[in-house]
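Take this structure, written in structure tokens, and hold onto it; I'll ask about it next.
Labels A, B, C, D, E and F are assigned to the chains in the order they are written; within every chain, residues are numbered from 1.
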Amino acid sequence: MTQRADGRTPDQLRPVTIERGWSSQAEGSALISFGGTKVLCTASFTNGVPRWLTGKGKGWVTAEYAMLPRATNERNQRESVKGKIGGRTHEISRLIGRALRAVVDTKALGENTIVIDCDVLQADGGTRTAAITGAYVALADAIEWGRAKKFIGQKSQVLLDSVSAISVGIVDGVPLLDLPYVEDSRAETDMNIVVTGRGLFVEVQGTAEGAPFDKRELDQLLELGLAGTAELRRHQLAALGQAE
Amino acid sequence: MTQRADGRTPDQLRPVTIERGWSSQAEGSALISFGGTKVLCTASFTNGVPRWLTGKGKGWVTAEYAMLPRATNERNQRESVKGKIGGRTHEISRLIGRALRAVVDTKALGENTIVIDCDVLQADGGTRTAAITGAYVALADAIEWGRAKKFIGQKSQVLLDSVSAISVGIVDGVPLLDLPYVEDSRAETDMNIVVTGRGLFVEVQGTAEGAPFDKRELDQLLELGLAGTAELRRHQLAALGQAE
Amino acid sequence: MTQRADGRTPDQLRPVTIERGWSSQAEGSALISFGGTKVLCTASFTNGVPRWLTGKGKGWVTAEYAMLPRATNERNQRESVKGKIGGRTHEISRLIGRALRAVVDTKALGENTIVIDCDVLQADGGTRTAAITGAYVALADAIEWGRAKKFIGQKSQVLLDSVSAISVGIVDGVPLLDLPYVEDSRAETDMNIVVTGRGLFVEVQGTAEGAPFDKRELDQLLELGLAGTAELRRHQLAALGQAE
Amino acid sequence: MTQRADGRTPDQLRPVTIERGWSSQAEGSALISFGGTKVLCTASFTNGVPRWLTGKGKGWVTAEYAMLPRATNERNQRESVKGKIGGRTHEISRLIGRALRAVVDTKALGENTIVIDCDVLQADGGTRTAAITGAYVALADAIEWGRAKKFIGQKSQVLLDSVSAISVGIVDGVPLLDLPYVEDSRAETDMNIVVTGRGLFVEVQGTAEGAPFDKRELDQLLELGLAGTAELRRHQLAALGQAE
Amino acid sequence: MTQRADGRTPDQLRPVTIERGWSSQAEGSALISFGGTKVLCTASFTNGVPRWLTGKGKGWVTAEYAMLPRATNERNQRESVKGKIGGRTHEISRLIGRALRAVVDTKALGENTIVIDCDVLQADGGTRTAAITGAYVALADAIEWGRAKKFIGQKSQVLLDSVSAISVGIVDGVPLLDLPYVEDSRAETDMNIVVTGRGLFVEVQGTAEGAPFDKRELDQLLELGLAGTAELRRHQLAALGQAE
Amino acid sequence: MTQRADGRTPDQLRPVTIERGWSSQAEGSALISFGGTKVLCTASFTNGVPRWLTGKGKGWVTAEYAMLPRATNERNQRESVKGKIGGRTHEISRLIGRALRAVVDTKALGENTIVIDCDVLQADGGTRTAAITGAYVALADAIEWGRAKKFIGQKSQVLLDSVSAISVGIVDGVPLLDLPYVEDSRAETDMNIVVTGRGLFVEVQGTAEGAPFDKRELDQLLELGLAGTAELRRHQLAALGQAE
């Protein structure tokens, strides 16, 4: 069996920590780490919705992803200094938002807005998947905050399910779970999957970085990913103090 | 069997046309249509590479996607007027670039740059997949132009395979191929797949717009998509005057 | 007599085609060509006016001009990528808007807005004049659309006249009509004139690119231009299926 | 005869003053006024040319026009605050640059760059024409500065002619010279002409603001403008201390 | 005693001139000079306040500072061309706004807005202090304009005090008042102080450019500055035709 | 004696923590907290200097400050999304850079660049002073990293002194040290002082938010600040494991 550089087996996650309530300012927050990747997720709850949604009896959940300039091994110029947001940032922000909305009943949320900010403080591969996984915890707390403040009905079932995400990839022909930067940069195929607590897919994004892949490889990656997200779900439940 | 609004069967493409060499200015070009979706793809060949790639003996292929303001049913503000490119535009440009690079041997291309512009003149769903499919034709011609001009070696095998793309989705529980806008906007699950001529995956991007999907549904969609891209490959070969 | 590179006489237009209704999305549209110059003009009709004009009982007509990156012989960076619109683009957009407003009775239009988009798909000189000439056709159709939808009164005379435009210039001392790029780039004097169907001037923009010009030369150019725009008017009428 | 609001005859300029050398920082400068319109023109001389012109033995002259936010009767937002330059600003900057280059022999200038800044301190109509007229004086002094510093050959004839500009227009059917804001805003036709000291046209830009105009009206306006620019030329010569 | 390059004693201001009412467009204006530094200050009065302040019975005073591109010895690119405002510009605009608001009773001003524009026409050190000193004069006139128009109550005491500003610094160990560029660029410590007519501090901004400074040096600088601002106050009173 | 809301005496700092080496990516880093204010400071060391400094044998130290969108009680829009950096951000970035450069011998640093990023993860007043204080620790470690890598000479004395900063202000007439948000927002006078380890001033920035202040009050504030920065210096030494 392949020995990975950090000693993990191919189907093993890096150590996961979720520091719930890290921020004393936000209505929900979590500092999540997948090994060396650390993402601060905050959820901002506002009563009311953007103008285009007013009067429809539905809420809105959106997300913004960003990376501190020295989260990575070499410093990147700030997007605020460049004056524009890069394609990768946009793409990941949109992905996180879609992932969260997939488990939210916006009618039950009522005319409230929740903005999730995922700021990568340190990056070592898998930042978007850590962001989604931590964002769910922040979101859950923000919803409870809204309920406590009576912006959300006491019995409204806003969350339909939980959601988490993980990266999988093929390196030297071997399917691996949760790739750190050193593996990710060498992967022939790279895939991010977003899965609900019930094990249904929300997003499957596979890209051939090196060689195109076939159906059998795709199936192996999906299987690895489903196992990984099931384990992440247990971390989320533990952080939220919920029973399985 | 479900009757689709335009009378197609679930596994049927819309009428496909590829007008090769539409532009007399570009080194390669194609005006492609998938039903009411029309995309002008041009390939600009430049001898030389961006500075960051100089001296590595490798070429560069990149793409830019955009939509005319009135390609859609309601006019959208121009991104040049807004002063910035939206997330969706960035995301699709990046997807097209990755799809094309997956079938290009950049060493064989040599220190040459090919920029593919995909401008949507009219939009009715599936613009990114039409763009990839047409871009391949423009790319192939630009490579031959470069060969004729001796910027590329006479025997260099620059293209490793062909590449095309199609959308698939689940509407009212039924997996469908090549969704026009009216179906796409109602789809529970929406997927774009990019496949090489040999039938290998380059990209698989599936998103649950409505309900999350399970492995069986994913498999059905992939099967539909593989058949669709195989047919698109035949259109590409015909446009390029190549035998299968 | 000077033989022009394309065989035309000095007072001859290039072949003109107007494909009315090219777009199935816009309320009015025309794909116009002056030789190798091809411009897609779409007219977007909206009931209502910008806030600054509300309640004055008047409509608004405006235009935006742009060029696809590979419309020209060498690829230009997209203005959306640069993040700003160049001076030339602004200048031509403003010119087209003024030209159209000169033949529109905004009171008769009522509180409706028409935005004309002129996108140059291929450029070989005279793009702004082709744009104005095609935009008139798109505008006329959008007005009729508005009338059919009862946004405009049945008897309102919105169009006071037709309008078209042509370039003229002095090359090697000879006044020429409708300059393609190869002539335009060598012209000593370059002029664009915009003329109504009745033969009155809306715009006269003459620039000495090489040597300053005198009154006699100016008069020769104006005469050529008046004859050219009269012929363009006949093309517009034919496209619109109107009698002279 | 029409009495103008400020008591002038139709063919009379407003009081013109040219304060040469107003700036102690620039290589050439002039504060010019046409009645209530005041424009500060500075010329910045740099040895060397932009990269795209290097090694061609030619110089470069360009211009930038701008207006202070409270130059006009109501305050306008700064373009630096908006983050982009408006169409009108771009258009006028380009016009000034073309006007000046029309009288410069860039070979005789040698590989030197002159940037003319025309900042409108107070606006009352005709700002672009005042700018061109003042810019010529600043340019002439910057050229002499470059000659004194030996960046330009002692005998090089850099200026081929002088250049000035004036507005003309038709108000209530009467052709008028040098329109202040109150006339300009009511003009049926508005024209700016740029003329060399020898009386040749560099630019003719006529626009029908109200009703389209015919050839006879155009001729009347051109005649007025030629007389006006001839008088401006005398002001320029006086400011520069040159004999006619 | 140190002889300064321009012959002044260490505690002497450069010649100060205040040309009140320079602009015929603005509600208040002053062209102020401190030696070679010339700043045009205009005050724009608008009845009403920004949305965020509506209905609070209070007015708003704000300022914008900018420099013409050739105000300095070498030309700087326009911030409108760069598409963004530099840090220094922002910082000075904010300083001027704070300085003016410190002497304004916004309740007495009522729901009116005054925007002060300070445009540096020529720069030779101390531009921000000249701007504040001139801005006060423009502000005072704009307030009287508002009173005359009945937007401000006849007896409202809007101005609580006057305000002026001056730079001080340590050059070669000697504390100096009102530094021109040649001294400013060599100063070990540079300080700007903003003082009311009654001699109270509004802002103290001291920066060690070379060596850090101690309390004794700080005290010497403050003393110089208080004497300088007292003298500027007399210039302001004279310009406004007020008794001391 | 005034009882402060958090129970501190007027001359008492909030609890200070400095987590040195928080980031495993940067050459130097510190997560600093002043009570509820938490700032992540990273120092990025690059061999070489910006082009404008090349060949002068000197290094460059600069800083960028930013705040996460939900660092504060209400979410702020990201500056990257707005497309421009606000005045406050610019001003603080410049302040931090000047503060650090005041204690660096750029000749001893050699042709190396250090960029300090100060990202506020949570804000409760005094973010700029915490940033400067933490940045010094990150800077010190980055310099030692550069020395270990031989980019800096073994005996080069790059740091001339330490530097820290604190806020002081007058609230209800009482001078207070280290203001949290609740005090800062009510302060009549607000001052930030930057002081070296030897007790010399680098920056003194005092602003009258409410009433202007006199010399006696200024002296009281400076005295408080000197005591506070002396204590911060001890925290820095402890974090760096240095003896006093």
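Just so it is clear, a residue touches a chain if its C-beta (ideal position, glycine included) is under 8 Å from a C-beta of that chain, and two chains touch if they have at least 3 such contacts.
Quantities reported herein were computed from a predicted structural model and do not represent experimental measurements.
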Contacts common to subunit C and subunit E (chain labels): D
Whole-Å gap separating subunit A and subunit F, where each centre is the average of the chain's CA atoms: 33
Subunit C-subunit D separation of Cα centroids, rounded to whole Å: 28
Separation of subunit B from subunit F, taking each centre as the mean of its C-alpha atoms, in whole Å: 51
Chain centre separation (subunit A, subunit D; CA means) in Å: 59
In subunit A, residues with contacts to at least two other chains: 83-85
Chains in cyclic order, anchored at subunit A, direction fixed by subunit F: A, F, E, D, C, B
Residues of subunit F touching subunit E in the complex: 84-88, 90-91, 93-94, 98, 102, 161, 191, 196, 198-208, 211-215, 218, 222
Contact set on subunit E toward subunit D in their complex: 23-26, 29, 36, 40, 42, 44, 46, 64, 66, 68-75, 78-85, 89, 115, 117, 119, 121-123
